[in-house]
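Here is the structure we will look at, set down as structure tokens.
A, B, C, D and E label the chains in the order they appear, each numbered from 1.
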Amino acid sequence: MEKLLIPMICKVDKVIQETPDIRTYRLKFREEGMMDTFTYLPGQFVEFSLLGSGECTFCIASSATRKGYFDCSIKKAGVVTADIHSSLEEGDEVGIRGPFGNWFPLEDIKGKNLLFVGGGIGLAPLRSLIQYCIDNRGDYKDFTILYGARTSSDMCYKDEIKEWQDNPSLKVVLTIDRPEDTWTSNVGVVPKILEEVVKPVIENTKVITCGPPIMIKYTIQSLLKLGFADKDIITTLEMKMQCGLGKCGRCNIGSTYVCKDGPVFTNEQLKSLPDEF
Amino acid sequence: MEAEVKDQLVSIEKPELIAPPNWEPVIMGILCNWCSYAGSDLTGTSRIQYPPNIRIIRVPCSSRVDPWFLIKSLQTTADGVLVSGCHPGDCHYISGNYFARRRFLVTKKLLNFVGFHENRIQFSWVSAAEGPKFAKVVNKVTEDIKKLGPLHLYKKENFEKK
Amino acid sequence: MSFSTFVTDKAGLQKFYEAIMASQETYAPVEKFGKFDFKRVSALAECDPESPIAKTMSIKPLFFPRTAKVMKFVATSAGTDVSEVDEDPLAVKRVILGVKHCDARSLQVLDKVYNWDYIDTDYQNRRQNTVIISTRCDKADTHCFCTSLDYDVENLDAMDILVVHGTDGKEYIKARTEKGNELLSSDVTRHASPVTEEITAPVLKSQYASFAASFRLKMNYKEVNEKLSKIFDTPEFENVSGNCVSCNTCAFVCPTCHCFKISDEKIKDTGVRYKSYDSCNNGYFTLMAGGHNPRPAKYRRWRQRAMHKFVYYKERFGENLCVGCGKCTISCPVNISIFEVVNQVSAAAMQE
Amino acid sequence: MNYTKQIQDIASQLFAEGKIDVFVGYRLNGFDDNQVPVLIKDPQDVHKLVFTDKSVFNLVNYLKTDHTRRKRVGLVVKGCDSRSLNLMLTENQVKRENIYVVGICCEGVTDDAGQKMQNCVDCMVPDAVVSDELLGTASGADTLTYKMNADVAALSNIPLTERAAYFEEVFENCIRCNACRHSCPLCYCAKCCIDQETATLYNGANTTSAAFHALMTWSLHLAGRCVDCRNCEKACPSHLPLHLLHKQNESVIFENFQEHLAGVIPEDRGAFYKYSLKDPDDFIM
Amino acid sequence: MARVGVFVCFCGANIADYVDVPQVVEEVKRIKEVKFATEYKYMCSDPGQGMIRDAIVQNKLTSIVVAACSPRMHEKTFRKALSDAGMNPYLLEVANIREHSSWVHQKDKKAATEKAMDLCRMAVAKSIANEQLHEISVPVTKRALVIGGGIAGIQAALDIADARIPVVLVERSPSIGGKMAQLDETFPTLDCAQCILTPKMVDVASHPYIELIPYSEVIELQGFVGNYKVRIKKKASYVNFKTCTGCGACWQKCPVKVPNEYNMGIDKRKAIYTPFPQAVPNKPVIDAEHCTMLTKGKCGICAKVCDKGSIDYTMQDEIIEREIGAVVVATGYDMWDPKPYEEYGVGRFKDIITSLEFERMVSANGPTNGVPIRPSDGKVPKNVVFIKCVGSRDEAKGIEYCSKICCMYTTKHTILLHHKVHDSHAYVFYMDIRAAGKGYEEFVKKAQVDTGTTYLRGRVSKIYKKGDKLMVRGEDAQLGQVVEVEADMVVLATAVSAPKDNPDLARLLGISYDKYGYLSEAHPKLRPVETAKAGIFLAGCTQAPKDIPETVSQASACAAKVCGLFAGDTMKKDPMVSTINNEYCSGCQNCVKVCPYGAIVTDDVPIGHGSKELRTVAKINEGVCQGCGSCVAICRSMAINLAGFTDPQIINEIVSI
């Protein structure tokens, strides 16, 4: 066990300041060749350690289809993340354990219409899947991304969103909570835009959503109202985790280990869990 | 495992253990800003020489010194601690050193009770004018702790399994 | 394949233990401050293999140490170096004697969680290198209820060697595994004589009968388990947890609690990452960085503990996590009995 | 010592008069004569209450939980418990008007073996010092003369190295479960310095030295406040002699600062929150 | 975690000769958080500071360590350098490798270097936990309180008021003027005290920015620097000042005679009186103790003669409250009572008088019309003996210190005696002549020549009566023999002592005082005007004996301090104050008990987010907190931390070596 808890050392290749409190760290393994053995699928997470400060759980925000690196987007929330933001720059080293957890049901969504609904930092796990799907575009039908943030400056991955917008095979809908002078796109909370602007096709569509708990709650309500089945709504769950290995017991919800059986769940699965998340 | 741990976690005061050659004690000196730190500055300005074992931490007042600092020092890095403040009645903050004095006595007695030699935890009042006294105090503390030898139990080997 | 069994008298059993201590790295209950904890011993005088169950700590720390070093690291501007800890002192070949059945059983239960998905190799090494000699109790303690649970105490195969104080005044030493058999086939049994199954079986049976009759606590496990699994939302949890002081002792002494936390400590440039016990009764156990806590109230944490012991683990791994040793009840400063709690909750839920 | 009847009557009356929301007392554990603390919220359950020499646990501990905070509470206190209650009042943790205190003139409680507990044998304050109603006959004990604890005196007289070895064992056997902190009625802080969650500063791991560090810091936080109820010792799964640390501090404080026993005098916060110009100075260079 | 830059100073040879600076730089470079480290000859120089500024920008540093001299020396300098580079100045730590290493371990370069490395490591570790701090600004009530209306108080009040800052001047007696108003002429120029003082008194009365509250006392002071609230008890004067014209009819007709304090009891005043003719305000007050109307209900003459109807026997004491930002304490001094000098016959021989009594006699407006006379028989004395150091410099009977002004005023007295009684002869018994001051020595020399005074060095051992003369026996130390002088009158140069009420006042204001009763300054040399309590300043003899020029200087200094304090709308204050984490605070209020400044109060906060239920927690008043950290060390809940010296910072230091 103890050995499984030892992290591998990664070097920060690039730091992107996404928003005032979100940074994306592009990481590469210090030892060459390690990257090849580090195989992961969209939805999985890593344990990210700033040695001496502590460990934190972050999802991988990039797809393994983009070779040579992986991204973690980190929002300043607690002690360790504040430390990461204040100290971690290009060339610095961090410890990484993983990848852990399950992944988005890649087989299930094949051949389906995909609707991504993201809010704030919640776009990070979706981005991994979006990249994966773009790189395997042929496997999927219609492709819609709805992304909302509090303000335009709180939007992550601005450059990449631009690329997506320019991609004719994707439909991108952006929204912010309150109007801004320079903002020409939608204004309003995500569920509202979902119902009023996106108006998704229900048949043969899988919805993948992630964002702040309150957004997920209302988005799922909207989706159900629109007629989606629980099994077609897929989300990722946030829970305190420490080992990532299904041992430390922290992420237990009933008999479920979020770090092993999750973090990706369908709404159907979530409904069967005790209400403790 | 127990055996291995035993070897490393020898008791706090073990006179039969001989200090390694060239061993030099580390003494954590916590000084109040207005009297003792100024006094130690004066020692420097007066070029009065004293042993180099002391590591100085500046605090505003001896009343800022939580006994926890002494415990933490002894647990991790130091072989002994010295806390120094203003003479009674001279406290820059009126009464800080009186409160501190009570805590120091209880802390010292408690640590002595659980097995630390009393000379490992020392206190002094050094005013801003007492440069020579500061040197004298450091001399004494260093000598005392050299006599006692290294503090075994709670040094860096605390990074061990139990 | 049949394993060998030996018979001897009291003195012979002591000699057997001494022979083991002389030839093997041995752990046994050692008394300190009126409490027995398993420590390394070299002579029978230091320890008491017959230590009273109420005063004996579990053997869990010998497999899952209270604090284990995960790794060392050196972090300087030149880079970060992570190194494995030195050899695991718990993974050496060793014998643990004086183990109670419940403790032995706890390892069987823990094997499940440590062997699913990611295999905990350290735990595995420790398990594989250890020979467990378990003595069957003659009498149940006030808080024991191992016979009420989902495992067969009489035919328990969680130990490598079983020691039974026969009702005929003789001591029976029976190998239960290959490992145990191997040890018994060495000369540690020179003061005992082999005996056949036909002779031992009735003695062991009658010993077990008198042991089983001594239990004060009995529950219908199946019923309790079934009911509990259906009553997540019962308010009864709030009542039963009222006088809990959240002291966490139960989790620390429990032979099957296996939650842990990871913490870094650093002096100068070098640091150590530790893995230490944690308890789901701690308010901060599930507290997230953003401030969200799924189990903020004491009764929720109590429910988690009780349900994990009697429902969740069973659902997941097919075994009941609680082994009925009563250690948590004995250690509890306010004498809360998990036995009482699960019975009370399931009974109250029935009335609803 | 048996006040079962009186306490049941008092509790019934309090409920009847609507003076309390919850009554904290003891009940039998249901199979032997040992007792379990109980929080009675329903007047129907008052009959469960008992009080004998087996009523060991200091119930003031429950004043720091959510079950009793900001509620009107009836409470049974022995001499030592009442001292901790006094400190809780002084330190603004509970409001006097919110609690109805049934004080006991305690004759000493017994351990599992039926022996009178050592702290009861040595008890200097057997009668409740704060109460709305006092049961039993006041002992008239002298609360002002200090009696040195025999264990502390004995340990103080052995050579330093032996004492060091003894306490090394203590720290080694500590399993850092923090039951001592949680069972102490005066450890009411939201975040405690010995909780592992504050580990970056306070050593979360369970090494011998971490135990030393935690127990030292903890006992100094209770110096001048410990009331010798020994909840901590009862809670300690390793049976560590934690009272030694508290008693040592208490004797130093008593001898050097002439302070009274903690919690005996209302509004007295303990030795560390005041000073005298005459405090000993000879240990300082 | 942070990105730290370390700058190691050579301090010329001061550090570099005894500490291997490059090696120190190499060592600190090894620390993970150190992203930049360098050395320089003089870090405090302009290029040195420039290096810091550049490195901050180029390396995205988040905190800075300067290893140089004591932080007490250059901390401010380097903080400014950080500010200039756009960095929060409190992200600086100074490692003291000069006073604490190179200068004290000059014989062991290796050890000194190792120690310097450790000190740097500690500073780096501490700086990692440094937080951005911001100067605290406290709103300021721009009004000053001056306590005491002597020359010190007058000068301070005028200087402050001239800066257009409102002043409240509180004087205990019915008139301002103080001791100086009792003086005749002043040394060393012999200008008339009244002539130079009374215009200032009038200025005070007429100044638009001064509110003069005479015949009143300060009874309570609350709050903290910039935000004090003072309560003043205005004693009942029984005279309506608003309508009174000061015509004097009342006191002329008043039948009750009382010894006149202004004239040292040599003559009498009335029960309704103005202390002296030039009094400001020039309005009479009734001495309630002696007025028969007030004590026995009989008389009422003054009310009858007052055509303005200003007399009001029912007047009550009045409490006045004012909000103020600063206090100048100028309560002056008392004359020391020479009673212990029994061998001089003090109290027995009428012709032994004190220097202030002599001063009143020779004063032109004095009770004897400017001529000294013997109290016993009213004759003009010819031989007058002046005895110096009566009470001063006398541990046995009096006070240890030198009263500072006696040498000079005795010299002045010999001149005044010579002027008033041309054929007189003065004898002066003295211990030393202390005439340090501009023109003082010349004044003494000239007086000795002009007056022909006989100076006898030695203590007087006995005075006895011989006929109507006083025989003064003393030792002439220069001759080494006992001398006896036949005197008509003896004048004792009694010591200056602290006002009796100073300890009470000090407690009331929350400042400290010394064993004599003088109020204590914050620092004897560098902060002689401030007290330890921010916003309270000292002027004049209330701090220590002084002559007039010194008193006036200090008063003006006080004014400068007050003006400085009031320069902005808010006051800047060091951010090293305690902070409370409400979430952790258990509300035990132990911190309230140990705070020496009363800077901690309680506050009610919701028990949780959005909850309506409240719980009590501690709250720091940043304006009052001086940053001692007493509360931090006793806070068991870890709820309080002292900015700049937080627990993480100090623990980081401890575990960094």
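As a working rule, contacts are C-beta pairs under 8 Å (C-beta built on N, C-alpha and C of every residue); 3 or more make two chains touch, one makes a residue touch a chain.
The shown structure was predicted, so the numbers you read here are calculated from the model rather than taken from an experiment.
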Report summary line: Max Cα-centre separation from chain A goes to chain E
Report summary line: If you tally C-beta contacts across A-C and across A-E, the winner is A-C
Requested in this report: Please name the chain that ends up farthest from chain C once chain centres are defined by their CA atoms averaged.
Outcome: E
Query raised in the report: In angstrom, rounded to a whole number, how far apart do the mean CA points of chain A and chain E lie?
Result: 67
**Report entry** Distance between chain centroids, defined by C-alpha means - chain C, chain D (Å)
**Finding:** 32
Query - Whole-Å separation of chain centres (CA-atom averages), chain C against chain E - result: 74
Report summary line: So, in whole Å, the Cα centroid of chain B is separated from that of chain E by 38
Query raised in the report: So which bits of chain C are touching at least two other chains?
Result: 66-69, 75, 80, 261, 263-267, 272, 278, 287
Report task. Mind pulling the residue numbers of chain B that touch at least two other chains? Result -> 5, 68, 72, 76-77, 95, 99, 103, 159-162
Report summary line: Going by residue number, chain D touches two or more other chains at 170, 193, 200, 203, 206-207, 210, 272-273
**Report entry** chain A residues touching chain C - in the complex, by the definition given at the top
**Finding:** 1-7, 9, 30, 49, 51-56, 77-81, 93-95, 213, 238-240, 242-243, 245-250, 252-255, 260, 274, 276-277
Report summary line: chain A partner, complex, touching residues on chain E are 1-3, 33, 35, 60, 62
Report task. Would you pull the chain E residues touching chain B in the complex into a rising list? Result -> 70-72, 96, 98-101, 103-108, 111-112, 114-115, 118-119, 122, 512, 532, 576, 594, 596-597, 626-630, 632-634, 642, 645, 647, 650-651, 653-655, 657
Query raised in the report: Quick one: in the complex, what on chain C touches chain D?
Result: 32-35, 37, 57, 66-67, 142, 216, 242-243, 245-249, 251-253, 261, 263-265, 272, 274, 276-279, 282, 284, 287, 297-298, 331, 333-337, 340
Requested in this report: Spell out the part of chain D that touches chain E in their complex, as residue ranges.
Outcome: 70, 91-93, 188-193, 198, 200-201, 221, 269, 272-274
